[in-house]
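Sharing a structure here in structure tokens format.
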């Protein structure tokens, strides 16, 4: 979730802003759907830390100054899934959830030690070929049942596992 | 909006049911979207009555016994827009509105002289070629501004114009 | 969930309708909220069968002919929680979920052996005193954590446990 | 919409942040509802500028660092409507709309010359006595029909009239 946006905020300025106000994020749950719109698979980014710890993540990132929410969604999906993922950005900006990540754990189910981030969360069907870029090793597709299993949930840091279950609930796939 | 579903309900039975309980409908607002998901056009079915009266309509129809809502949506979209419209049925069944059509006018903005119908309304991007079938003459694409204009609104019977404005409001295109 | 609505449908007629079309229901998840709107408790109706089996249920019932969805919600809440529960019916009819109960198990997470019912589900804060009537023994208030526990979930028949978890996800209380 | 939050951001710092990132806002549409939840009145704040220009506004304000969205909603409602308005903050944080106010007009229907603000918008029933404070002269209650009339709409700056119509559409009161 590291961002270097030359020309937008110098690193020091971003740190300063993070200490002073909530930072607006978007999050996307990439899904495969069948012809009737039913979710068949959920895509999670795989990252392996230097110490070998596995973590799985949703597509996520900041909304920039003078950037529309839907453009931020598109930009982060392209950044994380590659240029030919063909994401279907929703026609309505009504999110299925608003996730509030606090630097202090326990206030909400979401936690981000770096900052107070408020994230608009969307379910985004992708129909193309996903080729993770940046620091993600891979994008792995899970069935709804696998995605809500304890095994996957425990690999999702900061409460993203809860957000994923909210997404599954929203599309009627939480068992 | 006439349906003949051989094997489901005999005409007399449907009449009887309509007099006794609310009938479940789905309605779809077909839209064209750009890469960022923003709605650029709204598709309305054109019908011309025997007396020359023009009416414009959303895609609409009953949910049948033992049929899923998403399958009813797909069926009515294919019925009204043809087999290659490529509708993107939403992943979530949460409708943007629930429209209650009463046989008595004035209870809600919606009115259906034949029956008490309760309709789950969805916005459905279509990417393919639309070839209206059945009793519709044509599918005409309007800009959001045109779609909410008095000219178009007055051609939409039974309160579907109100439902269309609700759809435009939901996607942030109501001016 | 037994209803006797003299003057609406004779028992035989209701049976006939149930075999022919989806029946429209409303479901309400009664909750207690604090001043900031956060859900603190979920209310579940307790029923004990003749064989001693315990089941817990949401408020649920049919929408009648010529009845508005919001009036059906109010009627069933008063029927199940008593006249002084003071339910806060939502201003918007947009449900948090649409639950499709099929007579055949496995098509969706919801199952009703009697009929194909399609239910609009709402979260309804209640502020007054709840005095269950009809065939319910009691209304028991659970914390969000208790409500999603396996113990409570297994006592909720027909997939209402899944719907309850969807409600908890929608209000950000699913852990 | 002026805020002086001693201890949070010095005036210069807020200016700096506003030039660098989107600022998170909440907006509330105060409404009166009847027992069935139907909206009967919409409350708009009245402000008269030094030059005599009348403007009408929704409840609106920033989300502060380490403040929950629901606490920000409550704080701004109390600030604008007084301590005994008894607002019913929604149980779910899913907003009915996300309004993007850009410093450049025309990108969205919303415009704020001071900043790029992204606002989560909620409908909030209030049951108590409203006594506007701060720089608002009065809170005036309108019927849904009056609220969407050109007369009221033209008195709402920055696109808040559009947001109000979206709110009316969401509760089924847009004619």
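Should a chain be cited, it is by its letter among A, B, C and D, assigned in written order, with residues numbered from 1 in that chain.
In the analysis below, a contact is a pair of C-beta atoms (placed from the backbone, for glycine too) under 8 Å apart; a residue touches a chain by one contact, two chains touch by 3 or more.
A quick note: this is a predicted structure, and the numbers were derived from the prediction, not measured.
A.B. asks: Indicate whether more than half of the residue numbers at the chain B-chain C interface occur in both copies; give same if so and different if not.
C.D. replies: same
A.B. asks: A-B versus A-D: which has more C-beta pairs touching?
C.D. replies: When the contacts at A-D and A-B are counted, A-D has more.
A.B. asks: What whole-number Å value describes the gap between the mean CA coordinates of chain A and chain B?
C.D. replies: Measuring from centre to centre gives 33 Å for this pair.
A.B. asks: Starting from the mean Cα coordinates of chain A and chain D, work out the distance between those two points in Å.
C.D. replies: Taking the average C-alpha coordinate of chain A and of chain D, the gap between them is 28 Å.
A.B. asks: Of all the residues in chain C, which ones touch at least 2 other chains?
C.D. replies: Residue numbers touching two or more other chains: 68, 93-94, 96-97, 108, 170, 172.
A.B. asks: Name the shape of the chain contact graph, picking from line, ring, star, complete and other.
C.D. replies: Graph shape, chains as nodes and touching pairs as edges: complete.
A.B. asks: Taking the touch rule as given, give the residues of chain C at its contact with chain D in the complex, in rising order.
C.D. replies: 31, 33, 35-39, 68, 70-71, 73-74, 88-94, 96, 123, 125, 170-172
A.B. asks: Name, in rising order, each residue of chain B that touches chain C in their complex.
C.D. replies: 8-9, 13, 17, 19-24, 62-69, 93-98, 100, 102-104, 107-108, 116, 118, 120
A.B. asks: Chain C touches which residues of chain A in the complex?
C.D. replies: That would be residues 97, 108-109, 162, 165-166, 168-170, 172, 174-175 of chain A.
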